[in-house]
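Letters A, B, C and D name the chains as they come in the text, with residue numbers starting at 1 for each one.
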Amino acid sequence: MTQRKIAGVLGATGSVGQRFILLLSNHPTFELKVLGASSRSAGKKYVDATNWKQTDLMPVSAENIIVSECSAEAFKDCDIVFSGLDADYAGPIEKEFREAGLAVVSNAKNYRREPEVPLVVPIVNPEHLEIVETAVSKAKAEGKAKPGFIVCISNCSTAGLVAPLKPLVDKFGPIDMLTTTTLQAISGAGFSPGVPGIDILDNVIPYIGGEEDKMEWETKKILGPLAEDKSHVQLLTPDEIKVSAQCNRVAVSDGHTECISLRFKNRPAPSVEDVKQTLRDYVCDAYKLGCHSAPKQTIHVLDQNDRPQPRLDRNRDAGYGVSVGRIREDPVLDFKMVVLSHNTIIGAAGSGVLIAEILAAKNII
Amino acid sequence: MTQRKIAGVLGATGSVGQRFILLLSNHPTFELKVLGASSRSAGKKYVDATNWKQTDLMPVSAENIIVSECSAEAFKDCDIVFSGLDADYAGPIEKEFREAGLAVVSNAKNYRREPEVPLVVPIVNPEHLEIVETAVSKAKAEGKAKPGFIVCISNCSTAGLVAPLKPLVDKFGPIDMLTTTTLQAISGAGFSPGVPGIDILDNVIPYIGGEEDKMEWETKKILGPLAEDKSHVQLLTPDEIKVSAQCNRVAVSDGHTECISLRFKNRPAPSVEDVKQTLRDYVCDAYKLGCHSAPKQTIHVLDQNDRPQPRLDRNRDAGYGVSVGRIREDPVLDFKMVVLSHNTIIGAAGSGVLIAEILAAKNII
Amino acid sequence: MTQRKIAGVLGATGSVGQRFILLLSNHPTFELKVLGASSRSAGKKYVDATNWKQTDLMPVSAENIIVSECSAEAFKDCDIVFSGLDADYAGPIEKEFREAGLAVVSNAKNYRREPEVPLVVPIVNPEHLEIVETAVSKAKAEGKAKPGFIVCISNCSTAGLVAPLKPLVDKFGPIDMLTTTTLQAISGAGFSPGVPGIDILDNVIPYIGGEEDKMEWETKKILGPLAEDKSHVQLLTPDEIKVSAQCNRVAVSDGHTECISLRFKNRPAPSVEDVKQTLRDYVCDAYKLGCHSAPKQTIHVLDQNDRPQPRLDRNRDAGYGVSVGRIREDPVLDFKMVVLSHNTIIGAAGSGVLIAEILAAKNII
Amino acid sequence: MTQRKIAGVLGATGSVGQRFILLLSNHPTFELKVLGASSRSAGKKYVDATNWKQTDLMPVSAENIIVSECSAEAFKDCDIVFSGLDADYAGPIEKEFREAGLAVVSNAKNYRREPEVPLVVPIVNPEHLEIVETAVSKAKAEGKAKPGFIVCISNCSTAGLVAPLKPLVDKFGPIDMLTTTTLQAISGAGFSPGVPGIDILDNVIPYIGGEEDKMEWETKKILGPLAEDKSHVQLLTPDEIKVSAQCNRVAVSDGHTECISLRFKNRPAPSVEDVKQTLRDYVCDAYKLGCHSAPKQTIHVLDQNDRPQPRLDRNRDAGYGVSVGRIREDPVLDFKMVVLSHNTIIGAAGSGVLIAEILAAKNII
């Protein structure tokens, strides 16, 4: 095994941080060395600082790491830093890290809307990483130090939405209108306290603060083109695509279900069979690059009429695969279908790890 | 108290039948006298024949009624018969009852698509009952015996959908396009066995057999006009309204949540505030007629952004009121909103009882 | 209607406070006038200060009450004060109220272990209220001002446990050994945040902080005798009764299920039928006194082998009745059985209201 | 890899059968070749005959196996047959297989109470397999054909109960009294239909038909000694051990939680620390034999006071390890503790596979 790259995790004691640690355990490309958390935890062993709440046990290799402060100094040897920080803290910390020349892959929302920050679902738009690739190459050519950068992971529900859109747009041209109604798992809300039990038992909460706006906006960035000079992403305009999201929280632990409808710009629309075949045939670039976590089957097209279901399908391809079922004609737009994605894997920490694998495969880090 | 009308219940031991019995207990207009079930139950006391599964106790008045066969003969003294029969049995039995001159209000789907059978959500389209009113009046004028008839209760998820549509169409004109994604409770599936626990715990089932077609079709009948001679209802055409439904089962006991979007035909569309006010101002005819079960507030417009919720809002106006929240502009159609209705009250047995109250108030029975 | 007594609620915006307000709405004996909460809420209308989370709507009569500080001065006109305060705050406030001559019925645990403070489950040991009755009578006889006092409501799971024990001890003599394993609802944990959804979905939490100790200790006080001078309660000793509790949290909204086993001191033990009949025949004193909320049937003995169940049985007698099922011989102790009680009614606020009704019926307030 | 033994599964399309198939996929010792089911399924490909409901995908190797009838003829080449048949069918079929000289490991209850049939929890009492070992050796010595036999897997909740008892009895001597209250997962009830969703959502069902009797009886067989001639197991008498079980179904998918209390016969009782250490030190024979599925850590003693929890701990050692927490003194008996076991792994199919691995390791098959 070649020398593994050194990895750190910011917000290591939180829900997303714990997931990063699990996914980085025994990873062929990355070696987890630095764990950062709040001052309250810094100085303690990770095992003592953490209320571990994952269904998999804490990796033994993480137990005895002494938790650091979230300072660039503490992470200075890291080839890659994964940030699971809350948005309340992520802003200045991630900025400090970038300025210190570190490579940050962040699950926080703070920098998602900066045009020069790639917002990446690794099975969908890895080409947006050319922004940082270009910057790194340029510095290299100029004999400068490697520049720091931030790559943002998308919102969890956006990841599931755009996964089937990408191959469809590639094949059938732009989407004119898109609606999605989500039935989202509670794990995405973290656990301090996350969604109260009394609110979700025998109940639906038809609102997730900020979520609908995130889905509508992020879709336009993720599906948007790179600027010619590869310095930033161009947002799709409302003329180019109309997106409407309705977000609900349901009593599911992991796995976001989305009922989507869409209309292509081009007429006539493709057939249902064309749509299915296109999704089945799609192979994401990360898989072609040989990335360790890349799903063998990016999109699982399910033919049983009662699938996908979160409990049965969320773990396909270890949570990196997205399942799509019930693809059928829609009396209002062109097609409707049900999409299921694992919100903490392809919708959060898992995407972060796969992004880093792509960065490593392309020698950007 | 004036003489109460004699009522019977078909399918009395089943889920819907039990609900009818609860709702008819101590009813000011109806006196429950006849309970019909399968041969296996016939001849037994109701309390012995029934696996009672309601959260309210079995009415003492029902306990000792001897269960009858589902024959018109056994129900011949009934002014009104409520049918909670499974679709597998309802066809010939309800037909026999109608031919025997009985008035049947049925929760079964079998006759919903007959043009001369009113398909009624009592807080929405009681005017469709004019079909039977006309027939009864005509027979009376001709000195003939009162004719039997069937009135159908709509599908549970259709009831919630059309409730807010009616006042909107009355005020702002026809709806051009309509989409709904439902999050449906499991009580609607009955309990023999209904939805298996292992299928719904920590899960969503993105499919309910026949449900989407029912919603799309029934909406066009319920919102359709009466023929001029009041002999039947005219279905809206696809040119008049496009309807698309996506139906999901979630881990909720009672209360269907629906995320709907709609576009009016007329331009410009009304404002959000106009829509809200129109819904708030709506008073259903059943309430004006003084019907016992009619909701005082037909549509509850909720302003908190995380409402309506099934656990908190399903029992408004004893389950006869419908709650609507999150009314906002939709980037794709005109408006989106969340509708919550109690699937076993306004979506099933409760609607049946309220229909019968309207029939009584109008002297049709 | 005679003049109603003036009531106040401490901790009015919290989970228990909201329950008190619901139960006191349109109450024949009490008129709710004063609502106390933290400084953050004081001065606001109740409707504006409160995140209402009950399945029943907020009583209109409470909406416009201006929230007070929790000072004795603000409650000085109250005949009775119900405290739903958190234990973190209840100590000094309830003490101040008692010293100011106010009658307090408290759901907090702070004073439960003071020997002169009655710890009362109103369907079980109202005779312990003689402590305050005696004190009040004495002050009256001596021409002194009415003394303030505190009466404590028991822990929620203790209430269900002792309900069937009382009639059994009255009839068959003391209990030697008693074990209980609880399956407790989440509503008892309040909602800020209470039990996190991710912790309880598809899960059991086999621990509730302090709960087992409370059950084991409180049982000994509630079943203990009054001192001869009626100044305090004498705790049962470990020689008199051994109690062991194991407490679990399960995914139930309301209703604590307890699997109990017990052994009587006297030999031979009674028969199962004797036990059932004794429970069926029990009529609590509160009912004999004509208290408004007292259950008509104190203990519901259920014969179906799969009952009681929280969803189906928690609301018997409006949550003031306790259900007992599966009474059978135990190979280890004498009997085992399943007890179900509504944790927020007979296990918390409801008990408080019924205690106050007893106090009023006995002219203690 | 040495030649693998040929395995068959009876009841292959059912819940337990599906589990067997998953566990036998890519198994180093067994090669799955024969799948038996009802006549309705026989002749079809397994993938077409089965409503697959596992969270893991159907093994590709099973998909195309043509389903057989459940006849000994069809399984005649099998070295080992796993039976996941319903008790309604298992009786005559398993008898036919035994008479035909086949080795059957059965999850059905039909033969558990035959003294000469070993009832085995493989991490607890593999020594009971000496009954069949002896019979096989004897036949071999006599030059006779290998005799058929049945080994029974215990009831799911019994498996969790006896797991910690075995090392304790080995170290501290016999148990005098034992009580258990279970909180059982719904997967154990199968899925046709299993536990209805409406019965378990926001609910507890305090009854599982036959379960308490099974637990009380099976414990006495599993902990009982072999007869001197190794021809059968001697049941413990009520004088030797008193066992009392109370069984509940809760809203958990997988993982049975049991709150147990026990009293040793010997005085003084050991200390809590002694009990913990004894459980920690226990290594089951299957592990010493090098069996593929044997848990590395048989009993996980958890020190956090809110563990074990089904969602977090059920998968320890791939579901073959049992977790024990909250070990503490009991005011009534000696100790109380919480035991968690995976009901479909160590409590059903998994135990069957591990039993077969032991049989293979000992050259009994």
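One rule holds for everything that comes next: contacts are C-beta pairs under 8 Å (C-beta built on N, C-alpha and C of every residue); 3 or more make two chains touch, one makes a residue touch a chain.
Source: prediction; values computed, not measured.
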Most distant chain from chain A by Cα centroid: C
Pair joined by the larger number of C-beta contacts - A-D, C-D: C-D
Centre distance in Å when chain C and chain D are each reduced to the mean of their C-alpha atoms: 43
Mean-CA-position distance for chain C and chain A (Å): 49
Whole-Å separation of chain centres (CA-atom averages), chain A against chain D: 41
Residues of chain B touching at least two other chains: 53, 199, 201-202, 251-253, 311-312
Residues of chain A defined as touching chain C within the complex: 53, 186-187, 189, 191, 193-202, 251-253
Parts of chain D lying in touch with chain C, wherever the complex brings them together: 177-179, 181, 183, 199, 201-207, 216, 238, 242-244, 246, 248, 250-253, 257, 259, 261, 305-312, 325-326, 330-333, 336, 338
Residues on chain D engaged by chain A in the complex (per definition of touch): 53-57, 201-202, 253, 311-312, 315-316
